[in-house]
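Should a chain be cited, it is by its letter among A, B, C, D and E, assigned in written order, with residues numbered from 1 in that chain.
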Amino acid sequence: MSNERAGERVNGSATPLLEVEDLAVEFDTPAGPLRAVRGVSFEVGECETLAIVGESGSGKSVTAQALMGLVPQAARIAGGRVTIEGRDVAGLSAREWRDLRGERISMIFQDPLSALNPSLTVGYQIAEMFRRHRGTGRAEARRRAAELMALVGIPDAERRLDDHPHRFSGGMRQRVMIAMALALDPRLLIADEPTTALDVTVQAQILRLLRQRQRAERLGMILISHDLGVVARAADRVAVMYAGRIVETGTVAEVYERPAHPYTLGLMRAVPDPRDIGAPLEAIEGRPPDLAARPAGCAFHPRCPFARDVCRTDDPASRELRELGEHGEHGELGAHGPRRASACHFAEEVIAHGRG
Amino acid sequence: APGGKGTGPAAGGNRPLSAAFYQAINDLDPHGASAVDEASLLANRQIYDTLVAWDGEKAAPSLATSWRQPDETTWEFTLRDGVVFHDGGKLTSADVKASLERLAASDGPQKPLWSTVDTIKAPDPRTITITTKEPVGTLLVNLTLAFILPAAQIGKGDLSRKAIGSGPFSVESFTPSSQLLLKPAPGYWGGASKLAGLRLPYIPESSTRMTSLQNGEVDVTWIIPPDELERLRGVDGVKIESKPGVNYFLTWFNCGRKPFSDPRVRRALLHALDVKTIVSSLYGDAAAVMDAPIPSAVFGHAPQKPYAYDPDLARRELAEAGHGSGIRTSMMWFKDTGPLATELAQSIISAWAKVGVVVEPQQIEKAAWLKRLTALDWDIELQVNTVTTGDADYTLGRLYTSEANRMGYADKELDGILAKAKATSDQDERKSLYGRACEIIWRDAVGVFPAALAATYGLRSSVAGFVPAANSQPVFRTVSTTG
Amino acid sequence: MTAYLGRRLAQALLQIWGAITIVFIALRVLPGDPAELILGSQATPEALEELRGSLGLDEPLLVQYATHMRDVVALDFGHSWRQSVSALDACLERLGSTLSLSAWAMVITIVLGFAAGSFAARRANTWADHLVSVSSLVGQALPPFWIGIMLSLIFARWLQILPSTADGTMVSLLLPAFTLALPFVGWLARLVRTGILEEMNQDYVRTAHAKGMSHRVVFSVHVLRNTLVPVVTMLGLLMGYFIANGVIVEVIFAWPGIGSLLIDSITFRDYAVVEAVLTVITVCYILLNLLVDVLYVYLDPRIQLENA
Amino acid sequence: MTVNVRGATLAGRLAGLPLRAHLALGTVLLFVLAGLLGPLLAPYDAARTSPVDRLLPPGTRLSDGAMAWLGTDQVGQDILAEVLAGMRTSLTVALVTVAVGGSVGLLLGLLAGYFGGWADGIISRVGDIQLAFPSLLLAILLAGVLGPSMVNVIIALAVTRWVIFARVVRGSALAVRDREFVDSARVMGASHARILAGYILPSCLPPLMVAATVQVGLTMVAEASLSFLGLGVPASQASWGSTIAEGRDYLASAWWIAAVPGAALALVVVSIGVLGDLLRDASDPMTEL
Amino acid sequence: MAEAEPLLELADLVTSYRLRPGIGRPGGVVRAVAGVSLTVRAGETVGLVGESGCGKSTIARTIVGLVRPSGGRVLFDGRDLGALPAKELRRLRRDIQLVFQDPYASLNPRMTVAALIKEAWRIHPGLVPRERWDDEVRALLERVGLRAEHAGRYPHQFSGGQRQRISIARALAVRPRLIVCDEAVSALDVSVRAQILNLLQELQRDLGVSYLFISHDLGVVRHLCDRVAVMYLGKIVETGSKEDIYRSPAHPYTQALLSAAPSLDDWRADEHGERDEIVLTGDVPSPLDPPTGCRFRTRCWRAQDLCRDEEPALVERDTGHPVACHFPGALPPPTTTATGSGRLMKE
């Protein structure tokens, strides 16, 4: 599929920064293997932000970890292909992985305190990137670390190099994480819930910073979040995950305006809307599925108002939607990946039902 | 460093001879608090001299070349000429006088031995005169414990650490309870030792002590635990020497307490013991069955007729004494009183159990034991006693008088005999008096006297010229080592 | 920092005072009388009385206590009647031996404990890991004296490659130090193992991997250092254990440490020495832990967390 | 005390345990059983020594015709009987010590951890003072003071143990005290007693149990160490510690004297240790809940 | 609603924590709540918003009696909780219940759901006769949308949302008149959060309870609350009806907060590159050492000398609702567009 489209790219380089095809990750649990991620495919191009949204446990982090080649001990990649800058990562040696991480693809995590080593200075942790990857000398690495810290907006960077992480506020710690992630000019940045632990005002600062750096360096970025507001603010395209699968993709405008999967629709309705003050929210009844006991058919069907018999038996594949665009014409294929896809038997019906 | 690989002392002559006694040397002050500890005496005998020495039978010249007794209470000693202390000073009668006076005035355990001394005079540098308040037959014997210091050292210097004597060895270094390092005194009047030095380490754990003898870390060690004797005899490079000793087990009955105030009970208990079997199976040839209240190596020993092992007789006698239904009593001892003390106690208790005497074993701490012993707060007790001077007076005369009242036993006749023996200086007469005392004590079954311990020494084969001492205090002057 | 140190120091003084008091109380109820031990069993009651007077044992307890505390403050624990030296000297003379033995045991414990612990952590839940954990349990299950005697039998008596008594040389301290260390090697190994496994699960380790650091760097630069933090606090306690457990080892290997001095002194009711020894050990122990606490701050900057 | 939350049967849970748990549990049970039946199997009497039968190797026939399966000791006691009797003493000492130390520690730890303030101050300081003494020294001192008897050994050991328990309990009480579910009981208006009994105590028990199992083993070893120093239970009572300590002089000649009780001690302590580990593993998720 | 009696009244409430000194850390007193006045009327929902650490939870804990106030008063039903005898206080405590943020931590893991609920009646005997307990438990569970057969289960057997329902049922068991929700929905997933919000609204409608709803999610507060108070560093900086706050925020902090809050429609603004956003620089000052004068001045773009010297009172200015700012008003703050590089304010 992607090869086919590769030729159709309108702009940018010939290959996207990242291609993920049919990725599956399994956990070994006492009760048997648990598929946390199943058949996930997406692409990220240069200067593009793909947001992955979904509820807790839907597999967002595991997906990200798989991209970094850092799945937890109990997990293994059970299938699929991950291609970074055209290079299949399947057979990479530990050494090659190391060269990839930090250099080409880097990651920032949700909780900036626990993600930084508490007993090493911030300066050391940033400089480490230069020293271990580039063999830069101590003084030079330090100088560049200071530069980076200044770049991400930490005042008085030079002096603060020798402070330990706990001396920084949450927002500053996250800036340090970003500095570290950007140190070696990677092409792809994965941000796993980068602002969840932060206050709204600080959150805004960080999102702005990320966006700024991304534009400046033409980074591809994956932004993982469960906050639809954050995603609305920061992403170009969205992938909605539910129970280990991507159930809908599209640009932010498309997904937010015309959700094509009942789960997305439910999510949108569950968020209080400033416009309809006070009325009860339309909550999605039920609870997210237990991955170990996935319902047969569509994983969402027990909670789905659109569910029919077919939903209980057939797990719908993700399919591309060629719906009418804003201007009445059929949407064109986007630069990267399916412009719009949904894994619902009745996607059109859902779109028609609309958000309102 | 000592030890390491192989057997035999390394590097022949340069290494000091290592001799490990099983008790700790705490203090080198010969008149101090630990002055009659066997370990202290051992050290003192290397470092100091005494006026007279004991040759096993009688007093022998040492610092005093001769002595006489002008009257019952006066003793006059002529000192050896040319004796020098380790600090180079010459020994004179003033040193002897000062030492003996210090001893008499000390608070230490020797105090009772010298309480009868009246005056000590030094009429000229070679003569010393001692007068006693009453006739003392044991003065010579007691003098074997009176170590002579230079008068100049008394009252200054740290005598407990930096001892200066006139003995065959001088002190090089001393760590209490750890090790004493000696070197031969070159000008010793009796001929200097040929050893490079003498090391007296303290090795508390007997298994370690045996190991270090076997791998050559020590050259001599004593006392050998009875159960190790046989094994060591088969070890290459090790030889065993032994001698009947002056240490013996005694088990007193508290004769002032019921039911032991009745001699029939005491005798019955003696009949209930198969002492011979117990002792031979526990100690083998490391101990000898006793036939008197003192070991045979002690002056004044007189053999008695053993109590026959006859449990039925014992039961009958107990019944006669009104204890047909048995006796409940207790026996106290402290663990380190002697080799296999607990085992001996248990064996005795077991034997008595068979005749209906139930004894509660009370293995207690030494301090508590001592306190109860002196307070006569016990029924039966077990201890190892040492006839430190090798003379019956030290044990019989000191412990069995009704005045001493050590085990509640009192006998007018015995008191008379012991007093007389103390005051007599005629050794033959003393010997027969103590023989009589042995008989009375044995007859009245004041206690069980199961075993006299042999003084057993383990030596590396390379050690020559070693003379085993009955009192566990060998002198190392004559010892030499071969390659 | 100074305020904290001040507070810790005050606390330490309080502990020392408490310890001295406990020892004092314990010793005055000991059955057995030093006067009797000094004079031997043939002493007269008058002599005993006189000696007790001169030892101050006839005063009321409270007076004895007050005198005692006053003397202790002046570092005067009295005189050892057995050794005819000041009790403190008797004790300090032996302290060096104990400290050097403990230090060696500490070195062995740390080296072996860390090696075994990180080995087990890297092979968590394999047979190698179980072997380490079972042997560490066995190490603690065997009475230390048994271990000591066995080591001595094997290496000194049978193989004859090591001396059975210690004289201060390194070779001779090997057996005693091992005996002392063995039960704690396993203990430390387990501590290190869980520490490492816990740290390995921390988010910052994931970050380090995501930064493209090699396993070696992640382990040695990031993980190990943080594992040290809880372990260091334990080492302070450990040194105390070594000083105390030295008693047994000292007896077996004839090493003149402070522990065997204590046992002797208790047996002989050498009050002054017992008090001096216990006080010295307590002070060592408390100071060590103080040191550890201070070290802790340098190892773990998080301690100041609440400062922000 | 761990609630059977998953509704699994006891048998089911047992079957789910790893092999080493079965081995450990089996060993402990076997020993306890042997300890209980000991007097029937091989009666022991301290006052029934037989010097002629001393130091016989395992499997020798004694002078009275009986068989010494595990040999005899230095007074001619049958080692089997002695080890069986010794286990009763050792286990009793260990269990009573831990029970006494544990209850005192539990009580004081709860008070200190829950109420904090001056109660905590006093209890913690006293604990600190005591911890400033290495525990073996304190035991030596106390055993020396009190003289050898089983009760005194227990006292000496328990005195050194309570602090450990108190600290464990205080730690978990402190951790639980400010947990939200305790707060929610407070908001409900629950009294201190109710909170202590219903909320704090149950959370303190699992770590206390873990500490207790570990301490049972360590106490048995400590008892042996006291015996080595001559401060253990008196000779009239067989205990593993004293048998091992007495047998140490025979390690090279009559190894069975120290080896049999030594092996028994090691087995039991290791088994208890394994169980303690499992308990720790099992109780961790509980505290997490 | 507005005319109802005040049920809860905080009058100049001050709550401090004493910090024990430690290594490299001096002791001190944190005035986590530094003089807060607030009322909650019967049947009303008041929202309390503000940055992390500004003292929201401390207020909650003070109201329910978990911490003691060090100044000011808490009046419930007109009665000063600090002045009540212990026995009466205990009875009154029943009327104020707390629902915590973390549904995992706030339920005793060793108690079944039934036991958790009955615990309330054990503590307050006489509230429900014992023979009715089982029925009441069933009724309560159904009330909060759980099934009766859930009663025998343990908390860990439930999902987050269900646990929060249990917490609510437990709070309801004592028939409170005021429920303080401290971040009660913050830990929940979006889809489940809506369920709980609906439940809260429903309960208010049916039972007439009042809520003090603490959250940092402005969208949720807007949805649920009648009145809103905005807190900054231990003080309330602005309070008013929902419309007042959301439509015409007067305090710069409120304005910044609102502009920073993400919303579903943000993408629209972004699309045209014209989203206005106030970006505050600088970190929240430490409550141990708050700035002089106006506490917000270190991060405020309108700050002037007056702000440093004088603390603004929370009074109604010409804004129509109380605001603690010397220079309140809707005057447009200097903003930055999403693409802009804006540093906005002097430090």
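Keep this in mind: a contact is a pair of C-beta atoms (placed from the backbone, for glycine too) under 8 Å apart; a residue touches a chain by one contact, two chains touch by 3 or more.
A quick note: this is a predicted structure, and the numbers were derived from the prediction, not measured.
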item: Count of contact steps on the shortest path from chain A to chain B; value: 2
item: Target chain D, source chain A, minimum contact steps; value: 2
item: Chain nearest the global centroid, as defined over all protein CA atoms shown; value: C
item: Chain located farthest away, centre of chain A as origin (C-alpha); value: B
item: Separation of chain B from chain D, taking each centre as the mean of its C-alpha atoms, in whole Å; value: 44
item: Distance from chain E to chain B - Cα centre to Cα centre, in angstrom; value: 89
item: Computed distance of Cα centres, chain C from chain A, in Å; value: 54
item: Distance between chain centroids, defined by C-alpha means - chain C, chain D (Å); value: 22
item: Junction residues of chain C, two or more chains touched; value: 30-31, 149, 153, 157, 251, 267, 304, 308
item: Where chain D touches two or more other chains at once, by residue number; value: 144, 147, 248, 251-252
item: Junction residues of chain B, two or more chains touched; value: 207, 210, 365, 368
item: Contact set on chain D toward chain C in their complex; value: 20, 125-126, 128-130, 132-137, 140-142, 144-145, 147, 217-218, 221, 224-225, 228-229, 241, 244-245, 248, 251-252, 258, 262, 265-270, 273-274, 277
item: Of all residues in chain C, those that touch chain D in their complex; value: 11, 14-16, 18-19, 22-23, 26-27, 29-31, 130, 133-134, 137-138, 140-146, 149-150, 153, 157, 240-241, 243-245, 247-248, 251, 259, 262-263, 266-267, 274, 278, 281-282, 285-286
item: Chain B partner contacts - residues on chain C that touch it in the complex; value: 30-33, 36-43, 47, 51, 81-85, 90, 93, 149, 152-153, 156-157, 160-165, 167, 169, 171-172, 251-254, 256, 260-261, 264, 267-269
item: List of chain E residues in touch with chain A within their complex; value: 51-52, 159-162, 189-195, 197-198, 201-202, 216, 218-220, 222-224, 242, 246, 256-257, 259-267, 270-271, 275, 277, 279-281, 283-284, 338-339, 341
item: Residue ranges of chain B touching chain D (in the complex, touch as defined); value: 206-207, 210, 225, 227-228, 231, 277-278, 281-282, 335-336, 340, 342-343, 345-347, 349-350, 353, 358-365, 368
